[in-house]
Amino acid sequence: MDAQFELFRAQLDESSTLRDRIRAVVSEIESASRVATAALLLVHQPVPLADVLVKAKAQVEVIKGLYAQLAEVLKECPGQYYRFHGDWRTETHMVVSMLAFTHWLETGGLLMHAEAQEKLGLCSGEFGLNVEDYLTGLCFMSNEFPRFVVNRVTAGDYDCPKRVLGFLTDLHASFRMLNLRNDFLRKKFDGMKYDLRRVEEVYYDVKIRGLVPAELKQETQS
Amino acid sequence: MDAQFELFRAQLDESSTLRDRIRAVVSEIESASRVATAALLLVHQPVPLADVLVKAKAQVEVIKGLYAQLAEVLKECPGQYYRFHGDWRTETHMVVSMLAFTHWLETGGLLMHAEAQEKLGLCSGEFGLNVEDYLTGLCFMSNEFPRFVVNRVTAGDYDCPKRVLGFLTDLHASFRMLNLRNDFLRKKFDGMKYDLRRVEEVYYDVKIRGLVPAELKQETQS
Amino acid sequence: MDAQFELFRAQLDESSTLRDRIRAVVSEIESASRVATAALLLVHQPVPLADVLVKAKAQVEVIKGLYAQLAEVLKECPGQYYRFHGDWRTETHMVVSMLAFTHWLETGGLLMHAEAQEKLGLCSGEFGLNVEDYLTGLCFMSNEFPRFVVNRVTAGDYDCPKRVLGFLTDLHASFRMLNLRNDFLRKKFDGMKYDLRRVEEVYYDVKIRGLVPAELKQETQS
Amino acid sequence: MDAQFELFRAQLDESSTLRDRIRAVVSEIESASRVATAALLLVHQPVPLADVLVKAKAQVEVIKGLYAQLAEVLKECPGQYYRFHGDWRTETHMVVSMLAFTHWLETGGLLMHAEAQEKLGLCSGEFGLNVEDYLTGLCFMSNEFPRFVVNRVTAGDYDCPKRVLGFLTDLHASFRMLNLRNDFLRKKFDGMKYDLRRVEEVYYDVKIRGLVPAELKQETQS
């Protein structure tokens, strides 16, 4: 009995140490993600978009390096990705949300799963970006849009609601195709409906006040 | 965007189906484990021990077959043992508790981790018996002893408390060597202290009433 | 053993008495702070600002005197500021919130930590204004603004939302630089986001209704 | 505003770092205290008392060294003992309980506050052993006695209950002299009553069965 418990003691201590190392890297990911998100918050103010994006993207490189460190740590325990996955799940949601919002600000389109993986250097082998984490990150990104359209309209950008509405409507429709059995994800997705509704209201406000003069022309083009 | 979500849809449906298949097997494990535990409960009554053990051990063979089925299902998703682990964790605690109590009834000793694995056919490859699940199962087994010694003494078996006390004391001391950072396991271990105390009290009762005539001789030996 | 416990009895009674004296002063601080806050609430009504401020500032002098009394009591137990700190923490949050809001009404700017200390006479020696208490007070002040801008706009002051928004945006951005490990403070700061969002919505409302005619000129200046 | 928050950022990070260092030392105190307590648990088994005490006392030296490290860390922030006190309070209760039980096993008497301070090297200057922590530790020690007397009587030591009862009765009476306004301590003290009652019951059991033949003679001596 003693020999067995002595072995367990060593094993449990080893896995505690591993977890501590994982948490130390994850804590740095959280910190870099917080700095990137703070930089990105400047889109709500009259700051040139290019300046905002430069600051956020600098942190993305830092975060990519940290995920590489995490992958290095996890290489020591093959087949146990999901054992420790809960330790960086929340932080990964925040990172994906930030990346996807940055991508939308740049391109007006959706950051694809493969692109997110590539930006985080998570393409190869066992350590990838979990699909459900990617989707949850998109739900968090969606929460940014109501505030964004309000502030853009206030700053006189009356075209913004229409663009956001088109994007969110497509995203929401795509999510609806999925059979979400993950409770957390389904709940977050439910929240996207409210973001969509608020953006619709803002679009309605600018439309009803005649603040979108080129509207008919734009609609013909699209 | 559509192609990506179409792919996710297929992936999520596939993993839902997998989970349903896992849960179906786990439900059968739970059922067989319940039957075995119910059979084992007869040790609290004046039933011949051999009869009790035969019934419990018949279920162990069933359970072993079910774990083999589970391993077969998991072979389809290599490296994802810990992704689905939570789906059979609770049931495995019950199985280990039942196995370890059966083993103690037969031998008076502790069922080792390797023996538990072997009884469940979990020795090979990726699908083993998690150490923390094994330890949690032992804590649940410990909860059986207070009631067991009370009933054995009632049935006139005055030697039983001493044997159980020696076993539980050693098991408790072995656990104390471990640095338990798993909250669930630590809490379950805290409960073992009360089992130990209750068994001590029963032993005290039989001793103080002079019901252990051969005591002095035994103590000299130990 | 008796002598020791006799000594403890005296010590515990002494520290009970001390605590009672601290609580008596703190209760007066709470009372004066409540009067000041009640006076300040008149800014939500059409009352001249000067009248409101006079009443609030009269209480600040009272509160300053009470903190001096508190410091006097604490001089009797050097090095134990943090032992009793919890006894006046909540009241200090309310006082700082009231002071900072008063200051913003007067100047449109942030009451600095050093200024808050000076107004409360807490500059010297061991008894200062804890930084986390100061920051928590600012979070409480932030909660006043959504209601304030709504009432100012109702009263016809359409410039107010823009001024408040600029102030709150800067304050929020400053807080985001901090790595808040104090749970209570972090939670209070999380609430500031909703205040900010509500003020943005009010600003959006006045803007979209064309109630800020001088807007374009202001934006050019900023 | 920026300069002030930059300063706060530095201050908060500094105090986070300090807290992390404190917690690292406290975690080692907890670990050494756990080893000492595990060693002390052997008094419930037929192990020579001298062997048990040697092992426990070896850890006391380790713990003393760790408190010296803690004091060293706290020297960097004079006057803030009580700011961080909550971080080692629980561990100190365990340490005092273990020390006081060890002392009783050796001498049959109470470990005085000054002796506890000296064993932990906490005599000098600002960093002492808080009286309420000392008293709480004694309450935890009291919880060990019911189990101890049961096991001693089982092992044939029929004099033990009387000795423990005399000690606990005095300790309980001493506590009753105190006006306990600390809620946590008062609640722990309430538990001592149950320990006393259980020890009385065990004493009654041995007395009623005539297992204390030398009783009258002993009473005359005491």
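Per-chain residue numbering starts at 1, and chain names A, B, C and D are given in the order in which the chains are listed.
We take it that a residue touches a chain if its C-beta (ideal position, glycine included) is under 8 Å from a C-beta of that chain, and two chains touch if they have at least 3 such contacts.
Note that this is a predicted model, so its numbers are computed, not measured.
Asks: Enumerate, in label order, the chains that touch chain B and chain D alike.
Replies: none
Asks: Going by average Cα coordinates, which chain is farthest removed from chain C?
Replies: The chain lying farthest from chain C is B.
Asks: I'd like to verify one number: the distance from the centre of chain C to the centre of chain D, where each centre is the average of its C-alpha atoms, in whole angstrom.
Replies: 42
Asks: If you average the Cα atoms of chain A and of chain C to get two centres, how far apart are those centres in Å?
Replies: 35
Asks: With centres defined as the mean C-alpha position, give me the chain B-chain C separation in Å.
Replies: Averaging C-alpha atoms per chain gives centres 57 Å apart.
Asks: Could you put a whole-Å number on the gap between the CA centroids of chain A and chain B?
Replies: Centre-to-centre distance between chain A and chain B: 42 Å.
Asks: Would you mind listing the residues of chain C that make contact with two or more other chains?
Replies: 177, 179
Asks: Following the definition at the start, I'd like every touching pair of chains, please.
Replies: Chain-chain contacts present: A-B, A-C, B-D, C-D.
Asks: Could you list, by residue number, the parts of chain C that touch chain A in their complex?
Replies: 169, 172-173, 176-177, 179, 197, 200-201, 203-204, 207-209, 219, 222
Asks: Touching residues of chain A toward chain C in the complex: what are they?
Replies: 31, 34, 38, 41-42, 44-46, 147, 150-151, 153-156, 202, 205-206, 209, 211
Asks: For a test of understanding, state which residues of chain C touch chain D in their complex under the given definition.
Replies: Residue positions touching the partner: 1-2, 4-6, 8-9, 11-13, 16, 19, 78-83, 85, 110, 112-113, 126, 131-132, 135, 170-171, 174-175, 177-181.
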